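A, B, C and D label the chains in the order they appear, each numbered from 1.
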Amino acid sequence: MLLTSEARGVYPIAPTPFFDDGSIDMASIDRMTDFYVGIGSTGITILGQLGEAPKLEHAESVAIAQQVVRRAGNLPVVVGVTAPGFAAMRALTRAVMDAGAAGVMIAPPNTLRTDDQIVNYFKQAAEAIGADVPFVLQDYPLTFSVQMTAGVIRRIVTEIASCVMLKHEDWPGLEKISTLRGFERDGSMRHIAILCGNGGLFLDYEMERGADGANTGYCFADMLCDVVRLSAAGKRDEAHDLFDVHLPLLRYEQQPGVGLAVRKYVMMRRGILTSAAQRTPVAAMSKTAQAEVDYLLKRLARHDARARL
Amino acid sequence: MLLTSEARGVYPIAPTPFFDDGSIDMASIDRMTDFYVGIGSTGITILGQLGEAPKLEHAESVAIAQQVVRRAGNLPVVVGVTAPGFAAMRALTRAVMDAGAAGVMIAPPNTLRTDDQIVNYFKQAAEAIGADVPFVLQDYPLTFSVQMTAGVIRRIVTEIASCVMLKHEDWPGLEKISTLRGFERDGSMRHIAILCGNGGLFLDYEMERGADGANTGYCFADMLCDVVRLSAAGKRDEAHDLFDVHLPLLRYEQQPGVGLAVRKYVMMRRGILTSAAQRTPVAAMSKTAQAEVDYLLKRLARHDARARL
Amino acid sequence: MLLTSEARGVYPIAPTPFFDDGSIDMASIDRMTDFYVGIGSTGITILGQLGEAPKLEHAESVAIAQQVVRRAGNLPVVVGVTAPGFAAMRALTRAVMDAGAAGVMIAPPNTLRTDDQIVNYFKQAAEAIGADVPFVLQDYPLTFSVQMTAGVIRRIVTEIASCVMLKHEDWPGLEKISTLRGFERDGSMRHIAILCGNGGLFLDYEMERGADGANTGYCFADMLCDVVRLSAAGKRDEAHDLFDVHLPLLRYEQQPGVGLAVRKYVMMRRGILTSAAQRTPVAAMSKTAQAEVDYLLKRLARHDARARL
Amino acid sequence: MLLTSEARGVYPIAPTPFFDDGSIDMASIDRMTDFYVGIGSTGITILGQLGEAPKLEHAESVAIAQQVVRRAGNLPVVVGVTAPGFAAMRALTRAVMDAGAAGVMIAPPNTLRTDDQIVNYFKQAAEAIGADVPFVLQDYPLTFSVQMTAGVIRRIVTEIASCVMLKHEDWPGLEKISTLRGFERDGSMRHIAILCGNGGLFLDYEMERGADGANTGYCFADMLCDVVRLSAAGKRDEAHDLFDVHLPLLRYEQQPGVGLAVRKYVMMRRGILTSAAQRTPVAAMSKTAQAEVDYLLKRLARHDARARL
């Protein structure tokens, strides 16, 4: 079952679970996958920016993809295949699609500048992986330093049929969603799925602007599912009430570098991961930071029972 | 009265009030200054990044500084003098110091890369403006693309006597505050004031890490004053409770580009500014965005009476 | 007499002559202007990137422009007005146009990324300085980090009537000239003057691609005039023969940073400038570098008598 | 035989020969290797920036390394192993060292900014590939956007024993060589080999500043060998005479993007490569550019018989 532009809901960005010695923790992968399925995720994205993909050898990446795909059952699995060259990108894409992935995700190299360079890059990438492989366009200028206007995204969507989803994480980004949905309404762009990343920092208003859901890795993915559901059901105040009680922690987790440590630590405390270990290079969390996260959890627990750990 | 390293509390970053036709609104400047004085600010910073400084001619900048200094009474006024060359920086510094400013603020040009380039730039800048003029070092990599380690800041503080304050807005930045305070404790760096910017997004935890206050322009500067006061008084939970109810709006205002429009709009609704106008180039707020801000204010008003507008 | 799109020949980029104490050397300005007139320049560009413009106060810039305009007689003088904000850009433009300048030159701020950002910036700049002021578009990605495709330049030329000349210094840039001239031939872009910078490193082939001349500051501007003349006259081998004997020194001078020191040193040795002094910050030339330049001049003198100093 | 800090002479940067259909051309690899051996190279560097390394799958890279090592006989072969993560870097390093490579070359990721980030990156990389593997530090800010001061290089050399060679291609870079050799003389840094890249654009003066040779891919690697030999023998004028006649073509080849097409085209015309083909993405050479190269070769042939093709 391939990814289509009708995707919606929450595709959590999964971390890659390691044991303390750096080896891959397949049991935690299973537990995490079960967790994502259980909370009502509509898909799972693995080996993204925060999945420590560059720290994995090719065979390891493939093995992880196989494990998640098997465990996720009917849930579509998207695999990050961003690479410095098309050879590695194609090789990984083939392997994971053979393993049953629903599609892949591609981020642009941070050397792209002009509109044409960006469009051409994705055309070449789409050709390299094969026109039959649906892909997610990752638009994260804060991390990748590539700025795509709504017009450039329209060109990509128009010129490349296999682009089916936007991982929207521009910042600020609310007007971009409105503009893209406007393109659809005025007939100048076909519909694509828009799922939002950037740690979820604006998910509350992104949904109201027309996003289809979330595609990010906040440690309470269950909250993301709830907010998307409430928002889609038109329960505006309830959606914001829930989102707002998570915002202090969510904002804390969304810090570059240390954010992954926070995410893995909370997922460990929630019993999803056995260890919060990362592979080198590690952006570690200080004891003070850990105490701050504990305090944030304690405060959150007053409003959301899932934080009573 | 010159700025010293003992500065603390809140130095709001003041916007520059314009009428709709782009002329400077001196009455709003007075009202805004009175507001800042009234809420317990300990200083005021004008003509910063969000004060639209590059849109002002030299004579206008000087006139604004004179007005604020006169109106602020005993409150120290810091003036942003960032410029592409030392000639303009020196000329503005002399004029505003003559007008009674307490010090100036300098941001690094975004072409600096190596540690030595950064340190040398500030040495040359300090020499250009005069060794007797105290200055605030602005550390905002997200906007200026210059990354200063804590070690580089220590070198600047050690080698340049006139550096008395850090406008801390690195992101993530909590560990940096801890490291700098550690340098002071281990005797490797003299004490400097650390006031925090970055829209206030981490002010709650920055205070606990050892910051002396806030130096940012959130539209509820009174909340910043309260949080700094509560935190300094050891009332941790109260500080966080107040901060958290503002976080949804604060996060919304902290968006690059549109953030200034939000700030001016709310300050207009609060009766501080006559108009929310900006000079060209303007990052305007859409009607949808305005409605979102109104909704954020309505939600905030449930917890903070000052938002009942 | 205003600058038009029919400009051609050589507009040397003039350095700003200082005495050793940093004061402006008006006598050298006159001598340099006379030199440029004498060698057959068709215009002069002052206060560019290598004219140390950011190190000058507004009044100094205006005084220099007045002096050069007076001395240059009928020769059109273009003035660099690049600034971090439109207020300063407009103020300098008005002053130098009042003084008789033929037009101004504008480089983009290094924060521009997308095609639309670039086009919009120049539209706003053109509006700020006034639609009646002809301007030169500076395209120097190596220094300004802004990448404009030929398509973006076409949009600027099409949407802004006052853009009359391109200071072409993209690298590599030969195909860009061919593409732009192709746009003119296929009727999709009106004609503009293309004069080449980048130290002259590709002037030999740029002329053959359709450039109208040179707009750079190589210390032997007389050679630039000769090469442009020979090339325009179809004397291909002679043009290359002359260019090639200068290439070792030209390449040496084109180094970022130290290049200006080399340029001023040779112009001092040629008797054009009284001093090679720069204002702070200075990228100085070591004694070894000076000896290398002396050796390069000695070698050049075997083929070009003008280098016998 | 492992690479040591006593390396000197010329290590040509080898292109990767492809057939027109994109498959690897092993016969050309052999011919090219024989050519490099025959002209007096002292080593060979493969899979560098211009070796199209990111376009190769892991197994292809290993196969190419094996082929070159076998064919090069006693000549040390250095293999570029730059990768976005340490997992791929380690995997390729192990494979090529097992195949008999003398060492590897590592370029920094373009996200590094501060001195500490740079030093830490190379410490982690050295640890990842193994402390027993000698590596070449590639310092090419123009391409990689990472600026390493001489002081940072000294820290790397001092803190990482396996760093034995610098591929020096900073621009401007002459003073950097002088500074590094000064560090060796004043005892603050152990000796390392310095071989120069950047297309050879300053090889003439780099040798006089203390470089040990060249590590670049100019299409007349035989000229590089001659210049290094003449310069090392103190024949200054002869070295410059030979270098200068090549400078027009060398400068043309050193253009980013199209440079590789020029290099492969000339090497094809010289009978070293069967095809000038590149893998996607290709920076192709226009017909006009090809005619320019032919003209450059014709002009060069007047002075250097090797260009009579």
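Here is the rule we use: a residue touches a chain if its C-beta (ideal position, glycine included) is under 8 Å from a C-beta of that chain, and two chains touch if they have at least 3 such contacts.
What you see is a predicted model; the values in this text were computed from it and never measured.
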(message) By that same contact rule, can you tell me which chains touch chain B and chain D alike?
(response) A, C
(message) Need the most distant chain from chain A, centre defined as the mean of C-alpha atoms.
(response) C
(request) Compare the two sides of the chain A and chain C interface and say whether they are made mostly of the same residue numbers, over half shared, or of different ones. (result) same
(message) Report the inter-centroid distance (CA atoms only) between chain C and chain D in whole Å.
(response) 34
(request) Just give me the whole-number Å value for how far the CA centre of chain A lies from that of chain C. (result) 48
(message) Centroid of chain B to centroid of chain C, CA atoms only: how many Å?
(response) 39
(request) Check each residue of chain A and list the ones that touch at least two other chains. (result) none
(message) For a test of understanding, state which residues of chain A touch chain C in their complex under the given definition.
(response) 113-117, 147-149, 151-152
(message) Under the definition above, what is the set of chain A residues touching chain B in their complex?
(response) 171-172, 174-175, 178, 201-202, 204-205, 208-209, 240, 243-244, 247-248, 251-252, 255-259, 286, 288-289, 292, 299
(message) Per the contact definition, I'd like the list of chain C residues that touch chain B in the complex.
(response) 53-58, 60, 83-88, 91, 110-111, 120-121, 124, 127-128, 279-281
